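Structures given as structure tokens follow.
Look at the two complexes coming up: subunit A is in both, with subunit B in one and subunit C in the other.
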Partner chain A sequence: MEIHRFEKLWLVASLLLIAGFVATIVYGAVGAGVAMVDNSGGQVAASDPTASSDFRDPGVYQTGDGEYDVYVVARQFSFTPGSGTPIRVPEGSEVTFHIASRDVTHGFNVVGTNLNTMVIPGQVAQLTVEFDDARSYHVACNEYCGAAHHDMTGTIEVVPAEDFDESEVAEA
Partner chain B sequence: MTYVDDYPGAAKLVRWHFGVAFIAFALGGVFGLLQGLYRTDYFREALPIDATQYYTVLTGHGVLLALVFTTFFICGMFVWATTRSLDRPLYSDRLAWVGFGSMFVGTALAATAILNGFAPGLPFDSADVLYTFYAPLKAHPAFYFGAALLVVGSWILGAVYFLTYREWRADNPDARIPLQTFMVLTTFIMWYVSSVGVAVEVVVFLIPWSLGWIGQVDPLLTRSLFWYFGHPVVYFWLLPGYLAWYTLLPKFAGGRLFSDPLARVVFVLFVLLSTPVGFHHQYIDPGIADGFKFIAMTNTMMLLLPSLLTAFTVVASVEHGARQRGGDGYLGWLRALPWDEPAFAGTALAGLMFAAGGFSGMINAGMNINYLIHNTIWVPGHFHLTVGTAFALTAMAVSYWLVPQLTGKPLRHRRLASIQPYVWFVGMTLMSNAMHRGGLAGLPRRTAEPVGDAGASAFDTVFSTIAEIRLQIALGATLLVVALLMFLVVMLGTWLSRPGVSALSVNGHIPEPLSGASNGPRVLDNLKLWTGIAVVLVLLAYGVPLGSMVADGILNPGASPFPV
Partner chain C sequence: MRDAIADETYSRRGVLRATAGTAAAAALGSAATGSAAGQTDFDGWFTDDAPGGTTDNYDGEVVDRTGEDEVTVTVGADGNGGTFAFEPAAVRISPGTTVTFEWVSDTHNVAVESQPDDAGWEGHDPIENSGFSFSSTFETLGVYKYYCDPHLSVGMKGAIVVAEGGGEQEDAVPAEYGDWFTDDAPGGAVDNYDGETVDRTGEDEVTVTVGADGNGGTFAFDPPALRVSPGTTVTFEWVSDTHNVVVESQPEDAAWEGHEPIENTGFSFSATLDTRGVYKYYCEPHLSVGMKAAIVVGPAPAEDGGGGPAGTTTPFSPLLGTVFAGAVAAAMLLPVLAGYYRRDQPETPEYDDGVEGEPGAGTQEAPVEEPVEELDHDEYDPMGTAALVAVYFLILVAMWVFMYFVEFLGNELTVIG
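Showing the complex of A and B:
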């Protein structure tokens, strides 16, 4: 097959571009440590996640020095905790979120960050993130979940370590 | 002789397909404007919808444009492309009408169910489930039956193209497949391989579940089946655009296609790679091992190759055309192109905008950067450049050239038609750049109240403000609907004009490529081989993950229906 010289150059440049894209993603995963949401969160009963032994009552749990687990239940049209009571964690902590839905598919997007996951009935979304600065974050459900979907929002408050009251942590 | 005189039966089929497509386009487009104004809070008080009905409008916009307008236009355009390039009538007009009938009844059922969202209490209940219809959000069964009939109808049209090709092959045992027919057949191989996913989702799971025969479905499994179909469907929209860019745009530019064999290579790559990529829509889904996401990511990146090759070949062909018309210089030839011809301007601008859409698509495909923009308004910003312009503007431009040949009536309102592609282009530039930037700031898609109770201050824009982004979206949406109305005026005016008033000036002849099919290896035409490899790639990418979702109980971990 006859391929024009310029077209050959273009083909090689295209393949290099593609290889470059794949390389940046591999670097992001291996070098920068951006882990994907995967199946490590396990499965729960779709209608009642907290009944599962793999999921705890919604709340913040301390798991180590500066390490916390946060269990969140999403439902039409709120996050528990998050919507009524903000999720509060201390500055500089490493937080593992475990998020499950008890009705339909929701989203959990901490606006302006890459903390973003789907919340699918029956599956636990598990992500670990570090909160370096004390500030407040807006959480949006970013998957349509019904008539009042737009009201489904929440707040994460990252507070200075000295302001964080250990009594806010649920009993393990 | 024009097409309608040569093939009156096929021309009638194409006209009816286009007619339904344009009605869906009109309604879906007006819904888009309602949505754009509501969510940006311009004239919200004056709009006839409330926050809940916003989702009815959104469902209608997505289904009517992404599923109905596209499928009808494509099936009609392919009737033309097959008969024209094989130079023979369809295998059976009657069978094609059965396919059209199935799609039409399906559309009527689904549209009725969706529109019932405006008047709850009517027998079809409602279907505010958006065009992705993720379970366990549940629509009225009519919605799912409608979707199934739409797909089945397209399958019947596909069978007609293949049967017509088989008849031609019997008469021409050694000839290469004509390029347009090659493109039609490869597009439909991809469509058959991929639409199996949505067919299984709807027929095996959602219909029995919406009728109450089964109590629950697995949201992750049904969602994965949807995306098995949901990415190839974008190539089902795009490839007819490619057909126009490869076979018509060089002619509109005054030249000939650069290379026929490379066009075939591109379509073969799409057959192979379009389907085993669906998990890139589920990068941030729990329940799917990251290895499968990685496979989908590399396949997706490889899919850039056929589009990058297309960019080269199409631009080279257009440049050839411009030089034939007397253009010269490195870039000076651009001035020699017929920018006042609506068919050329529309197709060329659509291709240009697709380049921008391709770049934002590369960001979407980046597995880890996807976290930043997933389900933000960046994503509809992206696909309004692809399906919303690369497909839609090409479809309008092709119509300016093809509808006169289908009706035997010259194009009316020429001046309006020649301005129209530019109005669309400007409208989309405003709307889409603002949507991309809004997405980077974290504005969610699919919501009546993007900033929610937090207010605009919770969203950090890279530059400018949320208010400016909203203004551009509202302005862009308005211009797009103005352009849509201009297109409809031209089409209606042409269609309803009396025949024989003036002579038809359109030339339906398509010149041969500079490098013809005989310069490429015959294996390119081995459709069975490519189908076989495509199926193997699909099994490799999807066998294990779908297998494990089924193995843990086909309806578990299930969720009960939530009517909306």
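Showing the complex of A and C:
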């Protein structure tokens, strides 16, 4: 088979491109630390997550220096905390969200970011994220959950460290 | 007998007598407060006996708006087989009340059929469209009958009764909810509120069900609007999960706290409401679906119409529907019409392959040209194709960089565990 030298050129270029694609995925996982949401969050009672010993009462808990755990209960049609009172964490902290549903499948999507997980009844969606900038984020449910799904929103407020009120942190 | 009194009251002479004599005035008063008032038939104005025939949206109820300074009548509301209704069809007002007629659909007017002798109401004869409105102040006691000229034949008729009495009860609390049950308030419209305030006055204990069926699930307070006497103990009973009772507003000197913790089926709490006035409350988790309610404490004004007039919406215009259906039908007919129009066109002639002995001279072949210069496989440089492929590659790489490094990694907040 005779292959024109121009064709050889762009065949090689295509293979290099594919190698580049694979390399970026590897870089994301190893270099940038991108992780997937997995089943490591554990299981809870489907109708009452807080009854399980693995899931605390909804709120923000400090687990270490600049490390926080946030327990969120999603239900039709609000996040607790999040919808009524915003989730407040200090700037520069590493926050692990534990999100559980007490009725139907919900979504937890921090709008405009890569934070996005499904919240399945009986399972805890667990994800860790670093909040570097003081700003507020919107949270939206992105799994259709009922009549007022469109109103199921919440707020995360990342406040400057000096403004963070330690009394807002729930007792561990 | 009660009907007879009512009829007499609303006949012109009856009203004149009522203004003159106290006995007749008492009859009018009783008519205004009793249920008999609702049964008046305005001398058959809303029935087949009058021009235009039956007015479907008149259910025998004269909406009592006495004591109010301003009353609105919607012109062209839904009813009578289309948008051909005055809403309310019959309304009772106090002397001096300003009635505003608001057009919510097209081509209606307000033509006066009859009015008290010394009244000079002119209605509004010119035909107007949606958005128009005019106001009239009614001073003279009596019955005013009016209709819409273009739609009289479908029964678009109305009546206004100007009467003393009623409504002026001193300690009465009108069931005024403002926009609480409408889309204008937080949470939107309350589906299970039909404009009716359930009257439970005189009872010591009244139950409100929390999480009853309604509003697209188990997201309703039942009843949504309730009237009780001062000092009544209202018990809230949860029949579904995750609801609370948050007070939106209450009379100034009342201090009802509702019940903010979220509770489940089986929970209940009671509140004794002593202060007269309107208490509005909602369920915080389900406010967004319209889980709202109100309690009125205090006796109803005489012949309480039960809240304000329901909002009028025209979700679908019959005219637009007809136009749309016509357009679709025309589009479907087009091929048939086109075929009919072209029926005389000659058919496409068959291909003539030029075989001897058959019709036609055949199609001439173009002469074959000899190549000017021949090239080997690798001697030719397809520069144009190479340039095209290069452009495609650049686009691909640009999209890759943009999508992964800008859109994804540049999107801050990334899940790291």
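Here is the rule we use: the second predicted complex is superposed on the first by the 149 of 172 C-alpha atoms of A that agree within 3 Å, B and C clash if a C-alpha of one lies under 4 Å from a C-alpha of the other, contacts with A are read in each partner's own complex, and residues count from 1 in each chain.
Going forward, contacts are C-beta pairs under 8 Å (C-beta built on N, C-alpha and C of every residue); 3 or more make two chains touch, one makes a residue touch a chain.
The structure presented is a predicted model; accordingly, all values stated were derived computationally and were not measured.
Touch criterion met: A:114 reaches subunit B and subunit C at once. Contacts of A:165 after superposition on the shared chain: neither subunit B nor subunit C is touched. Ranking subunit B and subunit C by residues of subunit A touched puts B first. In the superposition on chain A, A:67 makes contact with neither subunit B nor subunit C. Within the superposed three-chain model, A:75 lies in touch with subunit C and out of touch with subunit B [touch as defined at top]. When both complexes are overlaid on chain A, the residue A:57 reaches neither subunit B nor subunit C.
By the touch criterion defined above, A:128 lies against subunit C but remains apart from subunit B after alignment on the C-alpha atoms of chain A. Look at A:84: by the touch rule set out above, it reaches subunit C but stays clear of subunit B. On subunit A, the surface patch touched by subunit B in one complex and by subunit C in the other comprises residues 2, 4, 6, 10, 17, 21, 24, 28, 32, 34-37, 76, 103, 112-115, 146-148, 151.
Across the interface of their complex, subunit B is touched by residues 1-4, 6-7, 10-11, 14-15, 17-18, 21-22, 24-25, 28-29, 32, 34-39, 41, 43-47, 76, 103-105, 107, 109, 111-126, 138, 140-151, 153 of subunit A. Those residues of subunit C lying in contact with subunit A across their complex are 215-217, 219, 241-242, 284-286, 288-289, 377-378, 381-382, 385-386, 389, 393, 396-397, 400, 404-405, 408-409, 411-417.
Chain contact summary for the complex, subunit A toward subunit C: residues 2, 4-6, 9-10, 13, 17, 20-21, 24, 28, 32-37, 75-78, 84, 96, 102-103, 110, 112-115, 127-133, 137, 146-148, 151-152. Chain contact summary for the complex, subunit B toward subunit A: residues 51-52, 55, 58, 128, 130, 134, 136-137, 216, 218-220, 223, 258-259, 261-262, 282-290, 293, 297-298, 301-302, 304-305, 308-309, 312-313, 316, 362, 365-369, 371-372, 374-376, 441-442, 444-450, 452-454, 458-460, 515, 519-521, 552, 556-560, 562, 564.
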